[in-house]
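Heads up: the structure comes next, in structure tokens.
A, B, C and D label the chains in the order they appear, each numbered from 1.
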């Protein structure tokens, strides 16, 4: 999906190429439930729901403006498999998630990662999209190797060919960090 | 799909993140036929065929080693919708393509782009993945605005967090250029 | 020198890190004359003149606004070794240059490179700073191996740590290309 | 100076463009003493000493191989203004430094930054070159705003045009971080 497919408003949105990589890392082909934390415009959860007809999405978001945008975007694509929850993560959620995407953390990254570890089924995927150096450092410190395995992290820098003075140059977007990992099957580990 | 999912050998392969962006730009949801030119290991065509069960793929490749790899990869994923054609593009193909991906051009980029314009249905998508500056320049010069519209080009630079001396740094992969465009509906234009 | 050291106005200026690399590649320690083509604010020629007390600089610039800025910057640093020439390069110059810097070409890159080859002493250095893909391609095509040797080209991408929402990220500047080469000693070659 | 100008061996060396930016940020024109910490091949201190005839350099290094290289490089350029000190920084040094460059920290970055603050004269410059994300985070945390002002940090990514299969691409070097700051004049502050 293109960024322009979504109703956006002033809320920051995960950019198209980052969304593609995040969806890939979430490995949703056989997933039943995705939790989209700090969902913003809802673009990651909505593109996931559209791509996988059997997937249910829980979108958690605290900003009223963003909540309204998620609702509008669900309506635009006639999606009834996206449940929208207003509130600050971490918050009580009676679900078992096959995959969790953290697109925004509101300064609560450590607590959200611990909470995500509790919500995920063993083998479930956690994908985190970050912009700030401080959040990158915090996330990598908090991914407890006793709970998460196969931790990978990439930096993605996309530049768009742009006209300037009769020619073209590659105008750089801000770089994004994408962390992905699996919740360890601790039962197997204990045996 | 991960790069490790494919049998690779010494043949260069379109990397995972580039493949994701290329598949996105090819807009294959309603496509019936994709031509994968300079298919290499076949990774783009194969991931497309696996993702879209109604899609037929024609993979064109000239290197015998690569042809063997494409066959092995089709077998691995039990795909019978990928037709493999040995030869140098451009070559006669009695198909109408909804989308064409050029992953390798063997120094024939200008001729291949002209040939692609002939094969594509109006509104069909052309996506080109490039590494070399010379090919980037040639491709942008050859995308005749009378035949192709909505030309976009990005540079993608992915770096992987890598251990070094007790810490980590982002080791840069080589940058890739991805061009995407639509074949113009010249009939509409003429009216 | 810092970018803020110069009086700038609306004229584009070679950025600090690019200027440092350009000055390094020009190898001015024993040079008597540097020609600064498309001098803009004059920053490259002026930093060169301040660093090397025996160096004379000829700054060629066609925009009246920029010419005024070069004069103001020479006054600010009390430099009387910078000769300012108003006009479009290539233009007649009765000098023998030890080094030439091309910071702007006004669409005349091919002609300017040929002219630079004529002005340079054998072994003289030519350094070109470029932003546009088209100019990069043209410059590399025009650097005739019979006239120029040891051609090198780098892309430099500088990002500045920048505050955002309580944290920091590296905000990317536009990338710059820097080409450097030597005028061949054709007399030696012929022997 | 070119990287090839230095005798290198297996010791990591600050690369040419990074060295240029570091030397610029150190603002050595009126400096009497530079301390080069984790000097490696000595390239930063040696290029500084060659550029500024009135400058004395103290190079601190703990690896015997690197110490031998620094000596060889000083001999090559006939420099008698570089004092070489074998040992792990921080270590007692009876000097007042106008500028300090940290090119390597051996895991001691926090202690070295505190020690550098003690050695520097008020208004003295501290420049740190880093590769690892962990060191970047540590350095930024340790630059106490009561002791250091005008903190700036850039990421520099240099790519070299490189031949591949009949064409050229920009092969990326590993990115470097360069932090620069001034020691605050705390006496002035207290008044």
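Heads up, the rule we're going with is that a contact is a pair of C-beta atoms (placed from the backbone, for glycine too) under 8 Å apart; a residue touches a chain by one contact, two chains touch by 3 or more.
Bear in mind that the values here come from a model prediction, so they are computed numbers and not experimental data.
Any chain touching chain C that also touches chain D appears here: A, B. Chain centres were defined as the mean of their Cα atoms; on that basis the chain farthest from chain C turns out to be A.
By count of C-beta pairs in contact, B-D exceeds the other of the chain pairs B-C and B-D. With centres defined as mean CA coordinates, chain B is found 27 Å away from chain A. Chain B and chain D have Cα centroids separated by 45 Å.
Put simply, the C-alpha centre of chain B and that of chain C have 39 angstrom between them.
Looking at chain D, one finds that residues 133-134, 140, 157, 159, 161, 168, 170 touch two or more other chains. Residues of chain C touching chain D in their complex: 16-17, 20-21, 24, 140, 152-161, 168, 170. Put simply, chain A touches chain C in their complex at residues 107, 131-135, 157, 159, 161, 164-175.
On chain D, the positions that touch chain A within their shared complex are 133-134, 136-137, 140.
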